[in-house]
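Two complexes come next, and they have one chain in common, chain A, joined by chain B in the first and chain C in the second.
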Partner chain A sequence: MNLAWLDAFLIFGLFEVMMFIGLALLLHLQLGLARIANFGVVGFWGLGMYAFGVSYVRVDWPFGDPWQFLVCALIATLVAGLAGLVVGWYIADLDIDGALVGTLGFATAVAILATTEQELTGGALGMGGLGFPYDIGTVKENELVWLLVTTGVVGAILFFVWQVHRSPFGRLLIAVGANEPLARSLGKRTFRAKIGLFVVASAAMGLLGALFGVMVRFLDIGNLGVEITLAAMVGLVLGGTARVWGAVVGIVLTVGLFDIVVQSYLPLPREWYTQALPVLREAAFGLALMVVLLFRPLGVLGEMRRDRLMKKLHGR
Partner chain B sequence: MDLVTQSVVIGLTQNAPLVLAAIGFYLLYRLTGLINVAYAETVTLGAYFGMWANTTFDLDFFTVLLPAGAMAGLVSVATYLLVFRPAKQRNVGMLEVIIISFGLSIFLRHALQFVFGYPVRFFDVPPPDTIQVLGIGVSSFRLLALASVGVLALLLYWFIQRSRLGLQIRALASDESLAQASGIRPLAVTVLIWFLAGLAGGLAGAFYGVGSSVAPLLGWRLFLPILLVVLVGRAWGLGGVITVGVATGVLLAGATLQFGQVLYAQLLIILIFLAILKMRARRLAAVEGVAV
Partner chain C sequence: MAAEVVAGAAVARPQIRVERVAKSYSGRTVVDVDELVLGDQPIEGLIGPNGAGKTTLMRMIVHAVPLDRGTITLRSPTQPELLLSSMPTEQIARHGVVKSNQLITDFERLTILDSLLFAVTESAYEAPHQLFSERTVFERHRDEIERLLDYFGLTDRTAFAMSAGEKKLLDIIRCLILRPRFLLLDEPTAGLPDDVTEKVMDALRELAAAGSTVVIVAHDLNVIWKLCDEVVFMAEGKALLRGDPQSIREHRTIVEKYLGEGHV
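Up next, the complex of A and B:
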């Protein structure tokens, strides 16, 4: 396969867009429907990444790829889901402050453990030894296939989120976000719904972390910064927290714009790429988060379809 | 030398600025009910302003403290007038305001790198003397910092709890409309609180910065401990925040000595405080009869 026309940066940029769409879709379930601000997205994602890396590199499996990859990805998903169970239980009966401190505390704990447990994670030196579970030719070809695999996973997440919107569970999450005490007084198991939401969303975030680990093939604690949470959150908020497609539109407008258009196609001075551009990217994301929530809190796509329908029916 | 004595001496001298930062954060939290994530950058900016004044005008550390704190206070007021006040006027929900403060935090942290540069910076101060306190060598500089933080914390405590303006601040925090009816000017008092909070945070940042280095993540790394101290200590008012802050500093030092690794100590503190908050919430839920 001749891929000379395809830029390696473009493949990685598209991979990042896909991964952040997945994270933003899962955050949409938490923030957009249940109105739980998960400031620890990077914690679940990072836990999945390291659980995958440690099980893939440190364990002597009796079988090779692709089974090794599949088993390790499953472990990453289960570990992140288990963490979601604990964090979900922790924040289920707490207010906004409790959710913030719980999720932020969890992300900090993951970053600390990834740094201190050097024998497992490599600590500040990082951990190599990861690779694609196949070899079809050049690095570029392997990366392109991995981009397609990730696109498939994110497509499945999109389908799942779409289905949740139309399910009784989705309606319960919306009720939790709108008025939790009322939903509880009507006999709805709101705590259980929140815990379930965290388990599923965290497990999928962990899987996305594992996919990222394969793509970069080297795990670095520098990846566990707040930038991951910020990118998912700013994309979702810009697109619209209440809409499924908000995550997709927002991430394309933010991560897509910066990591593909600006990084690859704008004729910028070479020295900008090392420090100025990443700093500018984060500053712009922070500013976008503020401006959107101040002036257009429902984002580009606006409110939910069902809310529009209700207004149409009831005139308010 | 026993662990307790070492923990107390090291904890108090190293982590005293945490108390100051927690007081500032508590003031805002008490008034607005808002977890202002951007407070982390107030701490960072205090360190940067202090370092800038110190290295640019060749001033000694204690001379730059006040301007550094005042500049951080002014930035804090500016964030209120430009971001948080418009958000309140637009009836933006509490969850969204917290996310706005998160965005502001990220924006300030990265924007300041365009102003002060990307590399880690340092204060230009002479090497400190070592003084023996209960058999433990402590730098003269840290002792002065402890004394300064102690005086500033007491002054802030007195101002909030005993002065007339402090009474107005507490009245406004309790009931804005009632305070307004009593002749208190909400805007002036609110601006004063944001300034005082910024001042306290900025001073804490300057103390932390001179003790180590000045970097964009300085305030963010302190944010979770500050938040936990305030959320745990708030039940007992400002005095509770100060007490929990002091206890946290000592516990952090003790756990670091025990584990030989500051990160494990931080992890332990996070877990203990999260457990306290959870137990408190469950007790409250049990009292209110909410099924968990």
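Up next, the complex of A and C:
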């Protein structure tokens, strides 16, 4: 396959857009529907990434890829889901400030563990030995296929989130976010719903972390900074926290615009790429967040439209 | 004839027994009930001046307010006695003890239809893996929802409850659709037009006739006199008197403390 026309930066940029869309969609369920402020997205994502990396590299499996990848990705998903259960249990009945601090603390703990558990994670030196679970030719071809795999996974997350909006579970999450005491007074087990949401969303975040680990093939603790959470959150808020497509639109307008258009296609001085651009990126995201909150606080797509959805679902 | 509050005799309908229950805020006692049985009669009223502790007592029954001391139990002809005061709010509701709210409260992002579907959906369908059960839930409860909304004149099911009156009414309909065994209503008709108030009262009579118990807190005494079979008078956190509506409205203490001379 001749991929000379395809820029390697573009493949990675699109992969990042896909991954952030996935994270923002999951965050949408937590923040947009149930109004749980999860500032620890990077913690669940990073835990999945390192759980995958450690199980893939450190364990001597009696079988090779693709089974090795599948088993390790499953481990990453389960470990992140288990972390979601514990963290969710801890923050479920806290107010928004408590949830924010709790999840941020969890993400910090994951970063510290990844740094200090050097024998397992490689610590600050990083961890190599990861690879694609297939080999179809050049690195670029493998990366392109991985982009398609990730797109498929994110497509599945999008379908799940889409269906959640159309299901009693989604309505329960919206009710929890809107008025939890009232929901409880109607006999709803809101605590269980929040825990269920946290487990599912955290597990999927962990899976996305594993997919990222394969794409970069080298795990670096520098990836565990707040930038991951910030990008997912800014994209979601910009697009509209309450809408499914808000996550997609917002991430395309932020990560897509910056990581693909600005970084790959604008004629910027070469020295900017190492120092200035990463800082500019965070500044631009912060500015975008301020502008949106000032002029369109509900995001580009605005408030959710249950009236339209109910008409569509039930014809009245 | 009004009488001092005493435990009611057992009857064949759900009863709530409140024993040695107290609640204080910052040293001020707002509820201090030694013994009170709600549910001697199908529909009972709870009246008293502002600050008498009526709303707090109702909230304590559904454990929206924790008790400082005492116990609250549910007795029912069909199941063993339940200690409500040790249960979380949602479990109490699942045992059929449901309360409407004094203040206007709603799920702002849910439509009227959504709100009622939410109330009636069984927990089994409200799980992450139940992504395709919406149609099942809707088909199962469609007739009941439509009957109630038609009856109360909320014709646009997919609209949001906009006015305070609509939200109040929706709160009551949410309670009714749960078919509660024991329904507590806090100022249910405040802000409702007269014709809707009449419909609410008829619906409550129907619920009581079907074997449920209804307890109403209201400052609109016309509702109390018209609807209730028995009335409890509260003041300063205590249940002072109970009796039939006629005896209560003529009782000297109540006229002096609450109704005012010339009320009757």
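In the analysis below, the second predicted complex is superposed on the first by the 306 of 316 C-alpha atoms of A that agree within 3 Å, B and C clash if a C-alpha of one lies under 4 Å from a C-alpha of the other, contacts with A are read in each partner's own complex, and residues count from 1 in each chain.
In the analysis below, a residue touches a chain if its C-beta (ideal position, glycine included) is under 8 Å from a C-beta of that chain, and two chains touch if they have at least 3 such contacts.
Computed from a predicted model, the values in this text were never measured in an experiment.
Determine, under the contact definition given at the top, whether A:Gly196 touches first (chain B), second (chain C), both, or neither.
A:Gly196 contacts chain C only, not chain B.
Is A:Leu147 touching anything from chain B or chain C once the two structures are fitted on A? First, second, both or neither.
Neither partner.
Give one of first, second, both or neither to describe whether A:Arg184 is in contact with chain B, with chain C, with both, or with none.
In the superposition, A:Arg184 contacts both chain B and chain C.
In the superposed arrangement, which partner chain does A:Leu172 touch: chain B (first), chain C (second), both, or neither?
A:Leu172: touches chain C, not chain B.
Would you mind listing the overlap between the chain B footprint and the chain C footprint on chain A?
184
Looking at the complex, which residues from chain A come into contact with chain C?
Residues 160, 163-164, 166-169, 171-172, 174-175, 177-179, 181-190, 193, 196-197, 200, 242, 303-304, 306-307, 310-311, 313-314, 316 of chain A touch chain C in their complex.
Chain A touches which residues of chain C in the complex?
62, 64, 88-91, 93-94, 98-99, 101, 105-111, 113-114, 117-119, 121, 123, 125-128, 130-135, 137-138, 157-160, 174, 178
Going by the contact rule set out above, which residues of chain A touch chain B in the complex?
35, 37, 39, 90, 92-94, 96-98, 100-102, 104-105, 108-109, 112-113, 115-116, 184, 191, 226, 230, 233-234, 237, 275, 279-280, 282-283, 285-290, 293-294, 297
Under the touch definition given earlier, write down the residues of chain B that touch chain A in their complex.
So the residues of chain B in touch with chain A come to 35, 83, 86-87, 90, 92, 94-96, 98-100, 102-111, 113-114, 118, 220, 224, 227-228, 231, 261, 263-264, 266-267, 270-271, 274, 277-278, 281-282, 285, 290-292.
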